[in-house]
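What follows is a pair of complexes built around subunit A, which joins subunit B in one and subunit C in the other.
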Partner chain A sequence: MATGLTLKELSKKEDRLTHGHRMCSGCGAPTVVKMVLLATDYPVIASNATGCLEVSTCISEYTAWKIPWIHTAFENAAATLSGVETMYRSLKKRGMIDKEIKFIAFGGDGGTYDIGLQSLSGAMERGHDMIYICYDNGAYMNTGIQRSSATPLGADTTTCPAGSVIPGKLRSRKDLTKIMAAHNIPYAAQASPSHWMDLMKKVKKAHEIKGPKFMNILSPCNRGWRSKTNDSITLSKLAVNSCYWPLYEIEDGVTKITYTPKEKVPVAEFMKPQGRFKHLFAPENEWLLKAVQEEVDKEWEKLQKEAKCG
Partner chain B sequence: MKPKGWKDLAPGAVVLEGGSAVNFKTGSWRAFRPVWKEENCIQCLFCWLYCPDMAIKVKDGKRAEFDYDFCKGCGICALECPGKKGKKAIEMVEEGK
Partner chain C sequence: MAKVVAVTGNEACANALRQVNPDVCGIYPITPQTDMMQRFASFIADGKVDTESILVESEHSSMSACIGAAAAGGRVVTATSSQGLALMWEMLHIASGDRLPIIMPVVNRALSAPLNIHGDHSDAMGARDTGWIQIWSENAQESYDNTIQAFRIGEHMDIRLPVMVCLDGFIISHSIERMEYLEDDEVKKFVGEFKNFLPLLNLEKPISYGPLILTDLYHEYKRAQHEVMTKVKDVVLDVAKDFEKMSGRKYGLFETYRLDDADIALVILNSAAGTSKDVIDTFRDKGIKAGLLKPRLFRPFPYEEVAEALKSVKAVCVMDRADSFGGYGPLFMEITSALYHIKERPVLINKIYGLGGRDYLPSHAELVFNELNEIAKGAKVKNIKEYIGVRE
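Let's look at the complex of A and B:
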């Protein structure tokens, strides 16, 4: 295959995120990182915002990373990597380094949508040559499932608990992928581990584009989603097929939907197996479930229009 | 790995050995054990791809055994395994049974 993306070939590559990390059993994030690194055919330097991925992949002397990896605070994964990338350019210019090195910043939704947004926005605007990857699980899972601005409408978290007062989160998630695209960066995309080929193609493409790139990748968290340990791939597939998490890219301002579900399934199918949405299936919260579906439909229609306009 | 005192650490507590987490086994987390039935395996390698713990060994592009030192027993592989003629090539069995 021209893309070199066959599992047989990919499986011959070295693991650059090793086992022995301490992410929860069945967590989606290590699989996301694994796919990103498998699609990266270059030496790569990563920074990592505080979050599950950061604290669980490098504990004391045990690191699961086989690449240079920088532990940053919550807010500055993009800023730190900007500095490293600038240093690299400077060394290259002075002939002190000739290797082609790529740069990836990883952050969860807390570190990306919320706390690190300012430094991310800055890095994108300054035009650093890097990919920022958000693994989006929709809350601050590491500290005990607090809501973030990525938490979907209606979800139960410990800071917007579903009960007799409120039926979970009453605000919709913010559309970070579009916000990043509005920085007029050359590449912004959304991906899901269930559609691995699409994800890897996007990473490959992003590496070949000079300048700042952003990817938002859905990352199921069975602890916070209150689901089973075995369903991260099944759930991310349902997220895509319900158009809750459409797969698309915006390249130089042109929007392209990279995968259209053959049959758009109701978003309830994605939500039903998740305990964080359990209350939405009670008769008194029917209106909210309906509101979630309406929102998904509206956003999907909007995206299709944007894709048509090019 | 023997725990070190602060004087033994590299400046800035930098970890100098990449991938040292391989010295930390996570297999004891497992409540259910995946069992591979080679006769039903079609070598699609989805299990290898989706495993969050890099606990499925592949040799020369062919699926090999589980790495029980690291498998946490999540069961993703078993759920995603297409198997042969509707028969899964991975089954989850309760540990200790």
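Let's look at the complex of A and C:
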């Protein structure tokens, strides 16, 4: 019998990413991974792009992974897993394996939006039966907070620093979830660890759908966001409630908003506690803060329209 | 019973792969390899093999997927050339570092720029230090035979390393030659069942592939890779012995041609060895003791055996179909390293020939042998390294 998604039931399950890994205190990524792996009772094999999650969970003679896990390089978590999944199908066809196994790739935004986009696009187009999960913290955090194409407009990073002439990143984020949905894959979704039930339901649903699935999950990084270590979930909630990070899914081309905030809070409330946006609250950068709010509003409206159209 | 056929090198390799019937194959087009994987894709489409193919979107993903598939636990193949091998470069190190016996025919082709699709050895020489076993092939027959033997070598439980089987682009990949196929069941029996080692798909024993290893142990891991390479020679020879029993064709670490009593000799890889052998015969007819050494196993390189074979020659020209700009040709560097430890050693010169598919003609070999003949008689070496067949 499958485990129900209730705290009582879930608390009895063993973590598949165990304690003792070396992710930073307050990091969103291990929380996201634990939720993802708790959401299913199926055996899971994971691949992992080079990045914080990878370098901190499998060092020298130790591993925090209680499931079969493979890391090969930065840009190819999807391609690597597509190989594992293909071998599984081949051996299953030849009668050498009979178990039902699920496949999940984990990559950060650098390894997914940027350097891994081709590998991801290829794997999704080929139709491998797997879920690709991007834990999106909005920059190359492992190498020291460099700008990625997931870095939000206005953010201060080490390669787009807020200087006296240029006030941080002047480009908007790439909308990866929509890009993946445009591959006409059966399931693409966005989730946040603040809304754990929504996140886990989506993972569970994705596992029951045959073919390639993509999930983009917000993953606060207190080092890069320059926020308090105990603020990850609060900030995730503000990201959702400001509609900076709306929760939705696109199943067979039908868009559904899975959570609508009772009251849409200004995006400044999400940004204010984060050092990476500090400069936007100076009077000379008011225009940029306004531009961020306008963009969030525009995208939220667009998403609502898409959801209405079905 | 052997079947005599007239086929291209690509067709020969594709048929070797068909007979092996691997579990997974990564497929991506690149000239001049394309035709090999196209043929293999037809074998899949026509049910001649039950291999699962991955029609990847780049060679980088091809090697990544092959690594994933091999780690999952099964027999994995792909093939490439030139830019494709260059794009794989990062992943080649990971395939060998993870000790995954992936088998890959490499149809040798020049590297850009300028863009050129024809045969030279720049691609595989660029992959020399990636930790792969490299076996080189003169013609379609050798390409076929080496591909079959590669499975036994790479998958040997003492080795577990990926293997490149090199053959010359167009000259061999696209030229039709007479050769002999083995029977399907003979090949199947020779290669045997794939033996798993720490497969990811074993849920009973979850394994983590690809850890972070820093200053504490990285050095030791690399030494382990070096040590396993030292065992490859013996396995190559054992496999060759078994292969000879089945096919009647003899293979070693390298081939020698009229070398035993030679005063002058060429060291030359792959297809150009054939042309050189013809020229050697004409020199022998003139009473000049010319000979040849054609390396087969290039990584690991059999330094001692090569030195032993060349030590009595007076003058040797190492022929490189690739260059290390600002250095000597890559094969020359190996041969000089091999001979350095011998007291009485031949005089060595290095010629760069045939880049980007430039024809290697008998007249080129004749010029080289004439120069070697003078050197053997005491003439001074004018240039250690020189381009031949070059338009001025």
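The working rule: the second predicted complex is superposed on the first by the 307 of 310 C-alpha atoms of A that agree within 3 Å, B and C clash if a C-alpha of one lies under 4 Å from a C-alpha of the other, contacts with A are read in each partner's own complex, and residues count from 1 in each chain.
Everything that follows uses one rule, which is that contacts are C-beta pairs under 8 Å (C-beta built on N, C-alpha and C of every residue); 3 or more make two chains touch, one makes a residue touch a chain.
Keep in mind that what you see is a predicted model, and the values were worked out from it rather than measured.
Applying the stated contact rule after C-alpha superposition, one finds that A:Lys66 touches each of subunit B and subunit C. In the superposition on chain A, A:Ile101 contacts subunit C only, with no contact to subunit B.
Once chain A of one complex is fitted onto chain A of the other, the partner contacts of A:Asn241 are absent, as it touches neither subunit B nor subunit C.
Of the two partner chains placed around the shared chain by superposition, subunit B is the only one that A:Gly26 touches, whereas subunit C remains out of contact.
By the touch criterion stated above, A:Val84 is placed in contact with subunit C alone, subunit B being left untouched. Looking at the shared chain after the overlay, A:Ile45 reaches subunit C, while subunit B stays out of its contact range. By the document's definition of touching, neither partner reaches A:Asn137: not subunit B, not subunit C. Of the two partner chains, subunit C is the only one that A:Lys93 touches; subunit B does not reach it.
Applying the stated contact rule after C-alpha superposition, one finds that A:Asn216 touches neither subunit B nor subunit C. The contact surfaces that subunit B and subunit C form on subunit A in the two complexes overlap at residues 58-59, 61, 63, 65-67.
Residues of subunit A that touch subunit C in their complex: 43, 45, 47-48, 54-55, 58-61, 63, 65-73, 75-76, 79-91, 93-94, 97, 99, 101, 118-119, 121-123, 125-126. Within the complex formed with subunit A, the subunit C residues making contact are 23-24, 26, 50-52, 54-58, 60-62, 64-74, 76, 90-91, 94, 98, 200-203, 206-214, 216-217. Touching subunit A in their complex are the following residues of subunit B: 1, 4, 15, 17-26, 29-30, 44-46, 48-55, 58, 60-61, 67, 69-70, 72-76, 78-80.
Those residues of subunit A that touch subunit B in the shared complex are 7-12, 15, 17-31, 34-35, 57-59, 61-67, 193, 196, 228-234.
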